[in-house]
Each structure stands twice: as C-alpha cells, then as structure tokens.
Amino acid sequence: MSVANATETPVLEVRNVSKRFGGVKAVNDVSLRVMPREIVSLIGPNGAGKTTTFNLISGVLPPSSGQIIYRGEDTAKLRSSDFARRGIGRTFQNLALFRHGTVVENLLVGRHVHFRYSVMEALAFWGRPRREEIEAREKVEKIIEFLEIEELRDKTVSQLAYGQQKRVELGRALACEPQLLLLDEIVAGMNREEKEDIARFTLDIRDEFGIAVLMIEHDMQVVMDLSDRVYVLDFGALIAQGTPAEVAADPMVLAAYLGEDAHA
Amino acid sequence: MTSIPTAVADTPALAVHNIQVVYGGAIEAVRDVSLEVRAGQIVALLGSNGAGKSTVLKAVSGVLDAEDGEIDKGSIQLFGRAIEKDAAPEIVRQGMVQVPEGRRLFATLTVEDNLLAGAHLRSRSELAAAKEYVFKLFPRLVDKRSTVAGYLSGGEQQMVAIGRALMSAPKLLALDEPSLGLAPLVVAEIFNSIRQLRDQSGLTILLVEQNASRALAICDYAYIMENGRVVLDGTGEQLRRNADVREFYLGLSSKQGRTHMKDVKHYKRRKRWLS
Amino acid sequence: MGYFVELVVSGLAIGAIYGLVAMSFAVIYKATGIVNFSQGELGMLTAYTSWSIATTLGAGGIATVLIAVVAGAVIGMLCERLIMRPMLGEPVLSVVLVTIGLAVVLRSIVTIGWGAAPHKFEVAGVDAVLDIGGMGMRVSQLGVIAMLAAALAGFWWFLKYSRFGVAMRAVAADENVARLMGISTARVQSVAWACASALAGLAGVFFAVIYGLSPTIYELGLKAFPATVLGGFDSVLGSGVSGLVIGVLENLVGGYLPSTLKEVAGFFLILVVLMVRPFGLFGEKRIERV
Amino acid sequence: MKSGFFKQRYAELVVLTDSRAVKAWTVVLFAALLLAPMVLGPFLLAHVTVILFTLVGALGLTVLTGFTGLISLGHVGFLMLGAYAYAIGVTRLGLPPELALLASAGVPALFGLVVGVPSLRLHGLYLAITTLAFSHIVSAALLAGGKFTGAGRGITVLRPRMLGIDLSSDRAFYWFCLAMCVLAVLVTLNLRRSYVGRALVAIRDNDIAARTMGVNLVRYKLLAFLISAAITGVAGAMMAMYISIVSVESFPFLLSIEALAIIIVGGLGSVLGAVLGTVFIVSMPEVFAALTSGMGGRLADLMTTSAHEIKSVLYGLAIIAFLRFDPRGLRGIWHDIRHAWVYWPLRY
Amino acid sequence: QQQGVTDTEIVVGDILPLTGPPALLGVAHNLGVKAAVAEVNAAGGINGRKVRLISEDDGYVPSRTVQGVRKLITSDKIFAFTSISGTAQAEAAMPVIKQAGIPAMAPITTYEGLYNPTIKNVFAVGYDMSNAVEELVSMMADRYPGKKWAVISQDDDYGENVRAGFERAAKAKKLQVVSTQVYKKGQADFSSEILKVKQSGAEALMAGGVLGENVAMTKELERIGHKIPVGVTYVSRVPASAKLMGPAGENVYTVDYVYLESSPQGKAFTEKLGKYLSAEEMPKVNRYSYTGYAAARALFEAMGKCGKALTWDCTNAELAKVKNLDTGVMTPISFSATNHLAAPKLLLLKADPAAVTYKAVQ
C-alpha cells in the first residue's frame, strides 16, 4: 500500500476554498489534499459542508473563493461536464440515478465520456459506433460482476431497494474509469454485511485500479478501518485532520461529532 | 395517549398476518410475513438490502398503490381494526404515521411548512407546542426553520422528516431507517429520543434500521427479514446472542470482538438463512 | 381623457379576465402540480350554464355573479370527481393529457347543448356605460376588475391563514408523502378544482356578458396561459396581477405600435422576463441540489 | 421474451432486438406495408399515408419530449417551418425537390438551435411556453411575409419528381412516405441506443447527475432541439406535399397538442410508443366514423345535427379512458399483454 | 354507370365544418342542402332516383378537408359535391377534385382560384369576398361622402380579401384612409384598435371581423362614444349578430346576396324549411342555409337535365348551361362555359337594433 509520499504530486489539492449560499457560509476556507492511491475520509456533523465540498470538487457548483487543483490543473476554467472527462467520478448522497433506465443503462451513461463516435455515426449505428458500444458493454459487464449485481442488471433502478441503488451509483461512478472517486455516504442504509462488501470494493478499487478515494461517511467503523487520513469539518471549517487514530482522540472532534461513546 | 383500555391491551397495536406483497403484478417482494407490535413497545425490523423491510412499512401505511404494488394475501390490523384496504390518510387518522425511507421532504416548502404539513390533522391550538417539541429534539433546525427544505443537508433533512411525523402526535410511529445519514452524535440522540418517546409518552414504535447494534439495544422485540421473509425473531437480547446475527449484523466475531473491515475475507459470501 | 390613460384602463378590463383565468391555472398547479388544459373550457361551460340559469331566473348582476361562482364550483367538482380523481398519483404528463381529453369533451358538450350560434348574455344594467372622468366604461368591465381584486384579496387571505394552503403545496410537492402525513389528496384536488373552476367560470361569465356567449370562449384559456407563466406557475396572486400586466401591455402595444404586434407582445414580454427570472415574476425557484 | 443471461458474445447485447419473434413480425409488417397499395383502396391508402407522415412528426417530438424531457407546446412551429422551407424552396427559389427536402430538415434545425437556447435556463412549463411563443412568432412572421410566404393565402405545392421518380400518384407518394418513415424510425432507434440517446435520457431523469457524468448540457439539449426540429421539419414537408398547399391555417396550435397526445397515449419516450400512439390517435376518428355510419341512419336520426359533436366527445372520452386504464400508455398495455402471454399461468 | 349512381339512388356529399365554432356556418349550410335533398326526393327524386347525402366534417382544417374529400370520392363513392368548405380548405382540396373531375359546387366562400381560370367541374356560387367588400365600401362611400376611413382586418386569407376589396374601393372612390390595422385571428378585445381608430380621426370604419370581432368593435365604438358608420361583411350576418350588437349596431351596414329572412322570399323559404327540417334543426338555420340550398338546387337542376344516363361529364356540361335559375333564396343565378361563378345581386343592408335584425336599404 502506498501511503502519501511528500514528493509525489497530489491527485487533488483544495486550497482555501469557501462557498457561500446567500448568508450561509457552507464551506469556509477549507484546504485538503488527496495523494495517489490514498483513501481519505471527510467527516463532520450534519450540515458541516461536506457534500458542498464534494459539489465544489466535482464541478457541480463553482467555489466562491479559493482554488481547486486536480492533477496539477486548476479546475476553475473547466466546464462542469469536463470534470468527468478529467477523471473525477462521484456518487451522490441522496441518490441521483436515472430513474427510468435499467442498471445497465445507468452504467453506460457513466461511460459517456469514453465514446468517440460522432452523432452522425450514431444515427447510422454501423461500424465504429457498434464497436465502441460492444466494448462499453464489455466494460460495464465487468463492473456489474465486480459489484455482484448481476441479477439486477436489467431492472429499472426505480424498482430497486435503497441499498441496491447505492451500489448502482458506485458502479456508475466506476464506469467512468475515474482517477479520483468521491463517495458520499455510500454505506448509509446498509447492514453490516453489506458495509463489509462495500469496504472490500473500496479497497479493491484502490488496490487493483489504483484509484484515489475521497469519502464522506458517518459510519465510524468504516472510516476508522479504511482511511489513510481523515479531515474533520464543522460549520464549514476544518477543525482537525490526521490519521484515524489521531482524529478519534481529538477532543474537539469528540465534542462536535463523535460524542462520548465514540468507540462503538 | 397511553390510555389504551386494558381490555383491549391484549390485542397488539399492529398485527400483520401472512401478507404477501406483489409489485407490478409480477415481482413478489414480501412473502408470507407476519409480525406483531404490542402497544408501548419498540419493535425492530432488520434485514439486508432488498429484503422487503420498506415494502412491509409501505404495506402497513397504505401507500403501495403509488408504486403499482398490492397486498395480495394476508391481513393487517391496526388497533384491532382491519386496514389492509384503507388509504393512507385514513390510516394516519387511526394513529399510525410513517417516516418514509429516503427522507422525501416537501422540497419546495420551508422547514416550518414541512412541519405544519405533518400536523395536518391536528387542531390549530396544538401546533405551537408540537413545533417547540421538534425544535427541542433537533436544535439544529431552529436556525433553518425558514429555509426551503430542498436545500438542507442530508442529515438536516432526516431531522425534518422525523420531526414532521412527530407533529401529528401518532399513537404508532413507523420509522424507516431514521439514523440514515446522521452524525454519530445525533444518532445517539435519536435513539435516546425514541426510547424516551416510548417510556414517557407510551408511543408504540416500529423501527426499520440498519444500525443493528443500536436497534437491538433499545427494542423490545425484533424481526429479521431476508429475501422477503421473516427468518428470525426474538427479543433484542435473544437476537444479540444469536451467532449469525452477531456475525452478519453486528460485525462481531466469536473470538476477539469486532472484526476489522480490512480483514473481511474476499471469498466470504452471504450466508443463506435457513427456514 | 388622454389616449394613454384610455388604453391603460381598457387594458385593465380585459386584463382582469385574463387574470382570473390565470389564477385558476395557478390554483390547480399549486395544489396538484399539473396544468389543467381544460381551464378555458370549464370557464365556457360555466358561462353557458350560468346563462341558462340566469335567463330562466331573470337574475340581476349580483345574482349572476353568485350563479357563476356556484355553477363553476359544481362543474369543477364534478369533473374532478368523475375524471381526475382516478388519475391521482399517476404520471404528471398522463394526467395533463387527461385534462386535454376533458377539454375536447367539454367543448363538444357545449356545442351539443347550446349550439354553435352565439348568444347575447343579457343582464339588466350591466351594459350601461358609465362616465368616469370623461371616459366611458361599462358596468360589466368595472365589475370584472372588482372581481379580480376580490379574488386576489380572498386568495391572499386563504393562502396566508388557512392550513389548507400548506396542504395544497405539500400535495403538489409530493403527493404520496402528503398522503403519508394524513393529507387527503382527493380532497385537496377537489377543492382546488372547485376554486379554479369558479374563478374560470367568473371570467367566462364576464367575458360572455361583455363580448357575447359563443363556443370560442374556451380560447380564453390559451390567452391567459402566458399570464400564468409571467406570474409564475405556482403563484396564484402573481398570476392574477400578471393578467392585468398583459392586458395593459397588449393595449399599449396595439395603441402605439403596428397592430400586428399586439398578440405577440405578451409572448415577447414573457421571453424577456423568463430570461431574467426563469421561474416567472413571483414563482418559486426550482430546487437544484444534490 | 428475453432469456437475458445466456449471451455468448457482447455483440449480442447491442442489437436492436434479440427476439426471433420481434424480427419475424418486423419483416411481416414491413412486407405488408410495402404491398399495401396493391391491396388497399385509395381512401385507406391515404389514411395509412397520413399515419406515416404523422409518425415522422411524432418521432421528432419523441426525441425532444420523450427522450430529453423538454416539453414542447410549439412543435407545430417546426412542422410549419419545414413545410414552408420546402414550399418556398421549390416554388420561389426553384430548388430541385431533393434539395428542398433537405432544406425542410435544415431550416427548422437551425431554428431549433435558436429555440433551444432558452432550454439552458428554463425548465418544464416555462420552457414549454417559450416553444409556444416560438410557434406563434413563426406563424406571425409567415403571415407578414407578403408574396414570399404567400401570407394568408399560402403556397400551392405539387407532388414532385424525386430522384427521377414521379410522386404524383398516390401509390408512389405512399412509398415515398413509407421510405421516409422507415428512415425516421431507424434514426430514432439508433439514436436511442447510442451514447447520445442515453445522454438525452439522462438529462431528462437527472440533469445534475448527467452533468457529473460528463454530459455537456448545452450541447445535448441543443442537439435534442436540432434533431427533433429536423425530423419534424421533414414531416412538415411531407404533409405539405400531401395536402398540396401550405398555409398557416393548416398548422393550428391543436397540432402541437395532438402531437403530445400521440406520444403520451403511446407511452412516453419510446419509439414503439410513438408508433402505437400515432396509429391510435390518427385512426380513432375514422373508427368512430365507421362505427356511427355502421349504425346507419338510425343514429343520424337520433342525434340529428349533433352527430359529429358526439363523435368528438367519444374521441375525448377514449383518450381519458385509455389513460385511466393504463397511464403508461399503449406501450404499457402492450408489455402487459406480452408479459401475460409469456408467463401465464405462472404469475410470478 | 358513373360512381354514386344506381337505378334507384344518387349519392351526393358535402364537406363542412360540423364541429367546433365554425359549425355555426357548416351546420346551417348543411341544413340548406338537406332541405334541397328532401325537397327533390319529395318530388320523386331526380328522374326517379332518390338523392342521399353524406356529410363529412373537416373542422375547418385544410388537411382534414383533403382527407375527407378523398374519403367521399374514393370510399363513399359520391356522385357530386354539393358544397366544399372554406377558402383555404377548398384550395387544399382543389387538386384532388380537379384530378377526379367530379362535379363540385363551391357555395360557402369563394376565391378567384375557383373560377379564374375556369375549372371544368367546379362551380362557385356567391361572391369573391373582396368584390363584396369593394361593393359595400363603395355604396357606403356614396352614402357618406368625404369621410376619412379606417379598416381593421384579420391576419388570414379572409382578411386579405377584405383589405384587397377595401383598397380597390378606396382607390376608385378616392377615399382618405387614415388607419389600417390587422389583428390576429381569435382576438377578442378590440379596445386598443378602436381607440386608435378614434385617435386617427377616422369617420367611417370597415370592420373586417368574422362575427364576435365585429360585435366587439361596434360595442367599443359605442363605449367611447364614437358614432361612425361601420361596414361589416355578410359573414357575420347571422341572427345573433344584430342582437349581440344591441344599440351599438345602429350604424352598421353590410351587403349580402341572399334574401333577408324578413323579406317575402325569405319567409317563403323559412316555410319550406319548416316542412323538411325538424324542430331542433330550425333554430340552427341562418344565411348559410340559403347558400347551401341554392347550390344544391343548381346541381340537381343540372343532374335532372341529364336524364337516365347520369354522368359527370353531362352534369358538368349542364351546369355550365344553367341560365337564370331562380332558387328563391337569391336573385336568379347563371353559369356559362367561360364563367363558373354565379354572382347574384348584392343588396345593401343596415342593422336595425330595434327590431334586432337587418333591413334592406333602398
């Protein structure tokens, strides 16, 4: 396992970023970095600004101030649809699947940026489009196998149970072949066994595909067991960072977030 | 609210007998499930994703029709009265309210209006006190009372969803994963409140939860569902001692306490429950 | 009286009719989240029904207004009960199409029942022209402006103080969860249809009194639609006011610019306003967050 | 029915259909359509011709509203532009009909881009009303166009010779419409199964998520307008050739509504739905006519002058009844029937 | 034997707007045709063959007209058309009708394309709207010399005819035109138009609306107290219009080529209709019933002349020979080989608010 190495360039570097919504400062002067092949967690109380930080990193919202550097490139100039092209994949806290599509279709949309054929070719659907579509299907089937959702393949996602949908979200993010994966409370709504599955997937994603992972999680077991490093947000600002053990012992984190019986 | 006459105290607050639920005329999501919730008890319903827990809750609240589902067989009694054919508002009037899965707030309404909508069946004079109660339970919402609910963070939304259901002063509260997306500190508070609601107001609670250790700690009785069936039931204490439950729901190995997530074996496959 | 003022005032009269219909669109939208394409037809059917009743009874002005409101409400409730109720909880576009089907049916019912020939909706005294500061206005025109004002005030009160207002918005936001909260969607929808149909009925009756009773009255629905958009689909009061705005605007454009521009003026205004406020002047913003 | 799991090669997953039955039926249907002019009388042939060009227009709307979820109340605007582009092309500019036909796709497509711009900011009904405004402006402009557009009079167009084939006979014109229609069906089917189509559907279901997957909303919304307008424009040209006159009166607002009715009754967002919807909506009045005339003079006596109005009441009620019966539209009914057929008597 | 003709029966057809608001015109017209059919059947039919009428509804939409015309010709196999719906509709249907060669009467609205150049099998009864307007404005200009004029017209082909006729009259009579306005079809409120008319100082108005529009214009004139003579086309001369205008109709003029209901000929016709139509149908009668009756009569006349061997060619030829046929609903009509437009004499009419009707002006 390759833990951050000082000379390596970070996959992601967030520098003094803030985001305001009207009067609310949802994110306040936050800086963080994710090194290659690292699993980093972002934790904090409800409404601390974690999801908003994800929204800034994945280009859903523009920051009010500060810089976000992804693999050496300032993302300020990118259009929001370019982030996926650059290799940032994410899942959504409140599920944002394409409800009327099947699981396979959702995953194929995840591969959107990898298609090269033109619109005109699409209308004819012969030659290159066919080849690319076949190739895409192959990749998608591999992800389905990897996530063990074969039996859901042709179901419409609106018919899936909550936890199943979360898995499809993960698959869709993976289909994009990202270099940085943002997971927003992916294990919420899963039981222990399923959490273990997701934990296993997350480790495999990092170890086998070499993808860096930044995750938001309220489940302390998952955070403690998987993360290389942890950042803690409260009221939009960073209040602590470090290894899981360091953070778990931090009195500020205990007071604001974990509570006394932190060692569940 | 506790004044359930002793004569009928023996009939459970909610009784589900052998129901079968079918979606779209073809997908059988729940098979032959029976369960009982006695007045003043907390009953937990556990199970993996897709086991059919939410479906059971939808069935007892009368909202299956919205998803093209129907109760094919079996019966449901709420306070001794058959409700399997009743529409949702009627069931609420009988005293059962559900906090639906995935929050489902009225996104365009403010937090306060969401709470008001929850109190639709109550008289005007009770509103202020009910709102106070919710704001005391979730102080985080006080600042946000006039924020449009759609803009709240996930956890804040969950708080509103629970608060909204409490506004109707139900006799029986059905909660679908109330701790979903809440910070540990808040989760602890929620479970405390749930316990308090039962102890102090005598509220009956049906709880679907993934946080098995907490759920089993506070419940009086629990059912475990797999693949649309109830496969195990017992008091919280009994289940916590069950080896399978310990391994699959609590993450405790028989030897050295909690298993580390990283140590989970790749070849481990989900165990099929017998029966 | 100046040309400008005359244009404005007569614009208010037709604008008040648009405003009433626009409000009726907004009421149903706000309560159920659908656009009722049969709104104009409801107004027309109410106008014809009221005409039959009023001429039989020999009703005067105020009685006619009451007849219009009651007839409108009853017709709205009937349509809701028979046609819309079974569609509760179905996909929005399917429900909208049902209202289009309803429109076709209502339109034909009117011609079957009353024929295609126009009639005069005679109410004693309302055709009289009053002299207001040197400018002639018909009693009926003043009446419809007053009606709009009353409707605006009434709905302002209703939405502000009635718990029903919150219930309506809850149903529009998420019908199924609203039911989970004990809100009877059927009742909300029924009330909304009654209110909307009464509003449209009022507009229809006044339109018929001023311009004659003919089976083209339903076009009023289409004419008022832009006003609803301008005000914001979910803003009942905004829609009412926007009706006036569009009425006046059309008259000013007709009065000062080439007359062909009159009809598209409203649309141009909408395009401009929507570019600045994509949810209408008073509408609620769409929630966009993940 | 699909036996989904047993695929040998990935290539089998991207074909339009893997069902033998569907393939066989398609061949039969196509052969029947090809031979129709030999069997059908002129009136029924004309009826099928109307279905064919209406279907092309419905497919245009399917791309915009069905796939992308952008509701259009101004579809008739594109239809009108296509018809006028063709008519002006052949009569005023003296273009060869083939080129004018291209123009009938190209001109609306350009306007589609313009109308698409508000879609970047507006949603739902607010967008719908701008498309409505667009169609009003188009008809106002055409009426104000003087001699060039024929103003209120319109332009008479004769059936052309295309690629050396004379289309003036009803049969030839039918085959021409059939060819265009098959082309339009294939194009929309292909679009739907390509990444472009998936991007459009993704925008409909969740535009923010689509953006995060790398779908450029600007590009794809405009593309949806462009493709939709082009297909619809061709339908307009076909309609112009059919009724042999283009005038603003031939394109009432009602056509926009009827187009929406077609795709909703059929089942939103699917090509099969558009086909079923078109057949249903176009044929229903004729079916009622046949029914009423079947009942003969008795009915006429019964209803005297209201017979035709009663027909339109029935038409409206039929739409309502269908949606009440199955809000997913005819496609939903179709799937249920197939489902029942395959699984009966084992229901689950 | 020609299609639509059997030993005992002749099938004829008409295509009209029978639903929706334009049904006001279509249904009434259809009743006139029905009465003519009933009348000829009561007299034993045409050379012993009974006439049967099939009516098709086009809702006043051109594409539906084409479809309906095809259906009547090829599926119902009618022998002839007694009527073809409005201008744009007729124009759309013309290629099909021309190609078929089926005898067709065009008595509802006429336009130049129908008779100039003459089409072998198409015969129009009535006036090109522009000519009627020209006549009306000229007659009014004679009555009210030296007035400044305004014209308001609809934005479609009908409005174009009104404008054309108005311009011709204005040129011939050297009228001073101070305001020309065009409104969009379907508009209801005319307050700005009328205020503009007043503002421009106009002292006479050609109101080119259909029905409700003209009523709205005259009522606006009354409201703002601008009492000027107004010309309207005969399209709006249906019973309700005088009533709708009420006292505002005081100065309203029109021309028409069918007799007034109150004239002796009109009364006789009403009596005749009473024999053949039901009680529910009678209230739907208006001037269009007169036109329908006249055209059907002319057609039957020609068919009758063909004897037992009834063919299209013969009927077309006989129609071209119709001379001074008195139908009783308008002045006698004639066609010739080079003139397929029968233009009966136009009468100047003035609204009579007191009697809620129109009366002839000498």
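All chains are identified by letter, namely A, B, C, D and E, in their written order; residue positions are counted from 1 within each chain.
By definition in this document, a residue touches a chain if its C-beta (ideal position, glycine included) is under 8 Å from a C-beta of that chain, and two chains touch if they have at least 3 such contacts.
Computed from a predicted model, the values in this text were never measured in an experiment.
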Treat touching chains as neighbours: how many steps, at the fewest, connect subunit C to subunit D? 1
Neighbouring chains shared between subunit D and subunit E, ordered by label: C
Which one of the chains is farthest from subunit D, going by Cα centres? B
Per the C-alpha centroid definition, the whole-Å distance linking subunit B and subunit D comes out as 47
Taking each chain's centre as the mean position of its Cα atoms, how many Å separate subunit A from subunit B? 29
With chain centres taken as the means of their Cα atoms, state the distance from subunit B to subunit E in Å. 74
I'd like to verify one number: the distance from the centre of subunit A to the centre of subunit D, where each centre is the average of its C-alpha atoms, in whole angstrom. 41
Contacts with 2+ other chains: residues of subunit A: 51, 60, 92-94, 96
Interface hub residues of subunit B, defined as touching at least two other chains: 27, 151
Where subunit D touches two or more other chains at once, the residues are 140, 143, 208-209, 212, 309, 312
Residues of subunit C defined as touching subunit B within the complex: 89, 163, 166-167, 169-170, 172-185, 234, 284, 287, 289
Where on subunit B is subunit A touching in the complex? 23-24, 27, 46-51, 54, 101-103, 140, 151-159, 177, 180-188, 210, 212-213, 248-251, 258, 260-262, 264, 266, 268, 270
In the complex, the residues of subunit D that touch subunit C are 71, 118, 121-123, 125-126, 129-130, 132-133, 136-137, 140, 143-144, 208-209, 212, 253, 257, 260-261, 264-265, 268, 306, 309-310, 312-313, 315-320, 323-324, 327-329
What residues of subunit C sit close enough to touch subunit A in their complex? 290
Write out the stretch or stretches of subunit C touching subunit D in their complex. 35, 37, 83, 86-87, 90-91, 93-98, 100-105, 107-109, 111-112, 222, 225-226, 229, 233, 260, 263-264, 267-268, 270-271, 274-275, 278-280, 286, 288, 290
